[in-house]
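Following this message is one structure expressed as structure tokens.
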Amino acid sequence: MEPTLLGRIGYAFLSLFVITNYGLLLIGSMARISAKVQGRVGQPVYQPYIDIIKSSVKRNAISHGIMFYLGPVFRLAGGVGTYMFIPAVFGSVVFRNFSDSGDLLLVMYFIFFGQLGMALGAGEGGHPYSAIGVSRGLAQMTAFEVPFALSVIAVAIQYGTLDINAIVGAQQGGFLNWTLFTNPLAVVAAIIAFLGMSMHNPFSVVIAPQEIPIGPPTEYQANLLGMLQTNRAIFNGAKLVLYMNLFFGGATNILVMVVKTFLIYFINVFVGQAFPRFRTDQSIRFFLGVPTLIGIASVIIAAV
Amino acid sequence: MNTASFQETLDFAIGRERAAVEFYRELTGKAAFAAQKSALAEFMAMEEGHVAMLTGMKSRGAVNLSPGAAVDLGLARRLAAEEEPTAAMDFQDILVAAIKKEERSGDLYRSLVAAALDPDVKAIFERLEAEESRHKRYFEELYETQVARDN
Amino acid sequence: MRRQNEHVIPPETRATPDLSSGKYLVMWQGPQHPGITGNMSLRLVADGDTVVDCETHVGYLHRGFEKLMERRLWMQNFPLVCRIAVPEPDFNEYCYAAALEELAGVTVPEKAVWLRTLSLEMIRLASFLMWIGGQAGAFGHGTIAQWSVTMRDYVLDLFEELSGGRIYHMYIIPGGVRGDVPDGFLDHVLETMQVIKKNLDDIELVMFHNAVFKMRAVGLGYIPPDWVDKYGITGPNARSAGVARDLRKDLGYLAYPQLDFKLITGGRSDAFERAELRLAEMYQSIDLIRQIVARMPKDGPFRERLPNPLHWKIPAGETYVAAECTRGEYGFYVVSDGGDKPRRVAVRGPSYTHAVSVMERLVRGVNIADVAGLMVSLHTYPPEIER
Amino acid sequence: MDIKDFIAPFAVWKRAFEKPFTVKKPIDERPGAPRYRGFHINDADKCVGCGTCEAICMNRAIDLVPVEGRDAKEGDSGLRPRVDYGRCCWCALCVDICPSGSLNMSNEYVWIDSDPDVFRYTPGVEPKPWDGSALGYRRAEGYRLLDGTRVPMPELDHHEAVKSFLELVRGWSREQAEKEADRCVSCGLCIASCPAHMEIPGYIKAVRDGDLETGLRLLYQTNPFPEACGRICTHRCEEACSIGTDGDPVAIRWLKRYIADQVELADYSKALPRKEASSGKRVAIVGAGPGGLSAAYYLALLGHEVTVHEKDEAAGGMLRYGIPEYRLPYPALDKDIGYIESLGVKIERGAPVGEGRSLASLRERFDAVFLSTGLPAAYGLDVPGEKHPRVLDGVAVLAAATRGQVLGLGARVAVVGGGNVAMDAARTALRNGASVDILYRRREEDMPADPDEIREAKAEGARLVEKAIPLEVKDAGGKARFVWNEATMVQKEAGKRPVPEPIPGAIHEEIYDSVISAIGQGPELSYIAEADGVEIRRFKPVVDRDGLATAAGKAPVFAGGDLVNDRKDAISAIADGHRAASAIDRLLSGKGA
């Protein structure tokens, strides 16, 4: 039975709630794994909750104008927007969100929307580090966008659709149907782009603490920072779900979703702990090199 | 104990103290200079105090003295001065005389304790003996700290 | 990635960018900045993300040590000097103590000489461990930093056991040291060295065979050999430029003449090689510590009796005592006017040269992202600039 | 760059399967090392509040503060160090230097409180969980910042010493004196315990600085007998010395002597203050001992005309007639007295007060009188036979020795008593070729004499017979047969000193050529008449704080010295003299008492 619009909105909120908490726990447990590599016991898994609560109850004393406040709002909107048009669990009524109302292009737009909003907001803060971080971030984003876009194009060609539900549906019926196995080059290009998207080493150029202390978020504190921290969980969740749907056969229940997204996210940490950070120019050169070639190859293969 | 023997016992004791006052008065008569007179006057006043105390007890009808004997520093038994102090007597001479006098009183009461038949009288003599031992102790201590400092 | 022999020597003169042109970005790196190795600040003028001019600013940590010392008794300065270079306080303690002993004509017992050498080598290792964490961290490799700081803590544990203090050991007191080694301490030293050596092997594998680290560090901050004398560059920075200079060899102080070690030099003189050279010196330190433990006299006095510290007067005179610290020549110039307080103390820390003159020049033309890595590769401790 | 550069970095993950470096509960699982320099602990009973920790602390983090229920007493200022952890840098120099070793550190390093004021506290007084901690920073064995060993004083060899009356203690060279002076921490505990409150740290500093004129000036501020006191003072200061809490106390007495010895009498006037203009007032002093002459010195300095009446043929009192030459040579004493006389003090020698020169007449002729006649009369043995001709009086023997008379003590001498007079008499007898037994009623540790004196007397060959209660002196063909009863020490009353109790039957006797009695001395007070109005209690003039015995009648009468005070030593007499001089000056110049 098709739920009413109000019902769908209710489900969407529930879904958003679940993904937020999942995102937070994911961040917490990844921090714990990173700590293990670094020889530490590490923070509690629930530490992100504490951080958000602490930030959110504080009062913001500084104003840099309307755009400054809107930055985190845009960012959060980007995160929520991305998530809202991806089915978290294939075939689920609750977790399908509004995936039938948008397609892959809309989702990709939302991925950038938040960044742009953030760029405008943080730029308003007037701190040079924000500006540098923004320019670095946008430059790198442009770079990893190339292999990512290429692999999305390859997927779209392969499945002949931009509808995410349809792409997931096409991968059902055994893991050999996953894009991972049907179009591995596209997946490789996309995963490399994903490293850049997730801001882990060696692509952590935006927040690069030793170079430009934390970059754009430097200027944000208190509840605005809380908003950014919340978005981080949602946005991560959304991207992971998207990757899972496009390349790893989606999920038919929440457990599969958790396992798959956890593993996808772990790739970041796995690489991130082993390498230092690229300089921005090195990062750009990197993305425009091998990953782009792989992406092109995947498109060619898909097209042929 | 009957009242008579109580009165009698105390009268005897008061008599001893009066004799002590007389002893010092006699010594004062021999004294040649201020320091001697001052020391003797002090000890005499002490004995007069004892007279007053015993008289008070007599009128109240109860002996109010501790039975605990003071520690014997053992000086009295050794000190030599048999001879009576002279006009040139110094502090040592006066103290020795005082210690000897208290020693004699103690000895007397001790023999009275031994001779007493009435247990109550015996108890009073015991207490008086203890009291005299405390007086002796007082002078012995003075002797130790003021005279025989180096011995 | 830059190739070898492609070194661009930064211009000697400062650029004069027209800041009102709107072309340049003026940016302060520090004093609150995770990429700065202490309380110091760099005022960078960037053209895009390339630094065209840099001005170093110190003074954030100025406590006037040298002046304070003139107001304190000779012995009272002993707990003060260690604060001049926080990560390796023992060199201050040694230089101050040795200067006083020289002026007062005191000979330190043999046992104290060895204990001092042990203490200096241990802190050399600790300081290098802290540095290697900083070097990895400056390029974003936090994992190495976490490991090496742990290893440093293990050395600090040893210091805690030996002297009762982790950071400020205050162990090398004028006249000798403050105590003999506790029971079992030397075994702990050897065990810890084993652990650290194993970890250094891991670091060597992960950090020095790392594509990204090489991309960042190779060719960065090239110091031409002819700068060494011109700027007064010492320590690994000079040795990496191929200049064989090490006070442990050149002056032969403490027990170093009796220890077996080779001077390590390089020639490529960039951030990567300086890191490699320091790693090699860390291994060398471990080796030296093992030698010291094996050859140290078992007993004997560890401190020469000095006059009452409350009235101790040192005959008039002046002296300069130097030691090779992790960053180069560390020296104390002490003047006595015969009184119970120093007339003048001047501290020569290598960071003055490295973090101010050399840094200001090397940073010209460098990407903003590399400024932190470059600064760390010079291994500087700002507190010693501000005595 | 090769493929290894892409693969090798993943080796970091090896670490993920190993035990973490960090621990979950650092506070519980990570105690400080045994030597850790944590929060201070102080044994408040051992601490003497000398403040050396305060002096060495470069951060001024330590303050000496009064503590409830702990009063100042000799050798203890009653203060205790309070540490301010807002300033402390945990360098532990305070622990290193603490003279008594009471101040230490625990290995406790965690202390959290929201009230910043609690981090300033007095260890050992305010209870803390780490009090009495067995672990923590301690001074290493064999490591001390202060020197606990006294510079050895050159002395005559005992075999040599006993042959003559040459001065035993030779005195220090400049180097030795400066080395000893260096041991002082200038805590000043000694000042409080010195009866004259001499500026001890000041003159020790003068020795260190080689500025002996300043040193001499500081000595004369409170004591015009530095030569004498530098030799024979009972040095209560050294008992209070904080360095002595864990080592030899600073040899304050010898340092004083060093200063006085080094400055020639002719140079005294350059260093010392000049007399004030004449006040026209006249003061009589009875007795030219240390008390009387001190009063004379300070009164003369204040411009008063002073006349000292001395019964003996030479001035100095007990310093001259009671102390043998080998301890205090006469030239040294003459130097002290000579300087006092040079200020115009008139000493009438051989002029006893009494018949023809009564106290009343002095009160007529002078504006004030100071009595310091001391304790010239020896108390008798008070045993049967004490009037035996071979039973001698210790004080008289010493005086005869001073006068150069033939003592004729014989070959075997017994000295009865355990005070300094007994020791002096014994050693004088030894120097006259006698073999000497010292008989004392109690044990050696109960002897009132200076431990040094006892040690030296024994070293010179005197035999010490402890626990010997004199019983009787019998005649043995012109010699004296001394009978004593061996005693055992019995603790009869708690808190009092044990009493010698004769052991029945343990009677010993020995024949001696002379028996010197030195059990104690008393005053000679026959010159004070009742009419003088001086109150006397138990053979002691009763005086107020300033030494005033009576203001009634003509000139006020002051008294001091052994006659009055209980300490019965030179320095107390000097203090009395100084105090009385100040009081007399106030009275005479109308400044109010």
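Letters A, B, C and D name the chains as they come in the text, with residue numbers starting at 1 for each one.
The definition used in the following text is that a contact is a pair of C-beta atoms (placed from the backbone, for glycine too) under 8 Å apart; a residue touches a chain by one contact, two chains touch by 3 or more.
Remember, predicted model here, so these are calculated numbers, not experimental data.
A.B. asks: Between A-D and A-C, flag the pair that has more C-beta pairs in contact.
C.D. replies: Output for the comparison: A-C.
A.B. asks: Looking at C-alpha means, what's the farthest chain from chain C?
C.D. replies: B
A.B. asks: Averaged over CA atoms, how far is the centre of chain A from the centre of chain B? Could you give it in whole Å?
C.D. replies: 111
A.B. asks: Mind checking the centre-to-centre distance between chain B and chain C? Centres are C-alpha means, answer in whole Å.
C.D. replies: Roughly 89 Å separates the two chain centres.
A.B. asks: Roughly how many whole angstrom separate the Cα centroids of chain A and chain C?
C.D. replies: 43
A.B. asks: Which chain A residues touch at least two other chains?
C.D. replies: Residues 37-40, 273-275 of chain A touch two or more partner chains.
A.B. asks: Two-or-more-chain contact residues of chain D, please, as numbers and ranges.
C.D. replies: Only 9, 11-12, 15, 21-22 qualify.
A.B. asks: What is the complete set of touching chain pairs?
C.D. replies: Chain-chain contacts present: A-C, A-D, B-D, C-D.
A.B. asks: Name, in rising order, each residue of chain A that touches chain C in their complex.
C.D. replies: So the residues of chain A touching chain C come out as 37-40, 128-129, 131-132, 136, 201-202, 204-205, 208-213, 273-282.
A.B. asks: Flag every residue of chain C that touches chain A in the complex, lowest number first.
C.D. replies: That would be residues 1, 25-27, 32-35, 49, 136-143, 146-147, 150, 206, 210-213, 215-216, 367-373 of chain C.
A.B. asks: Using the touch definition from the top, list the residues of chain D that touch chain C in their complex.
C.D. replies: Residues of chain D touching chain C: 1, 4-6, 8-9, 11-12, 14-15, 21-22, 32-37, 52, 55-56, 58, 89-93, 96-97, 105, 136-137, 140-147, 182-186, 205, 208.
A.B. asks: In the complex of these two chains, what residues of chain C are touching chain D?
C.D. replies: These residues of chain C touch chain D: 1, 72-73, 75-80, 143, 147, 150, 153, 157, 160-165, 168, 170, 178-180, 182, 202, 205-206, 209-212, 214-215, 301-303, 305-311.
A.B. asks: Inside the complex, what are the residues of chain D that reach chain B?
C.D. replies: Its residues touching chain B are 377, 379-386, 416-422, 440-441, 448-449, 469-471, 492-493, 499-502, 518-520, 522-523, 525-530, 532, 534-539, 568.
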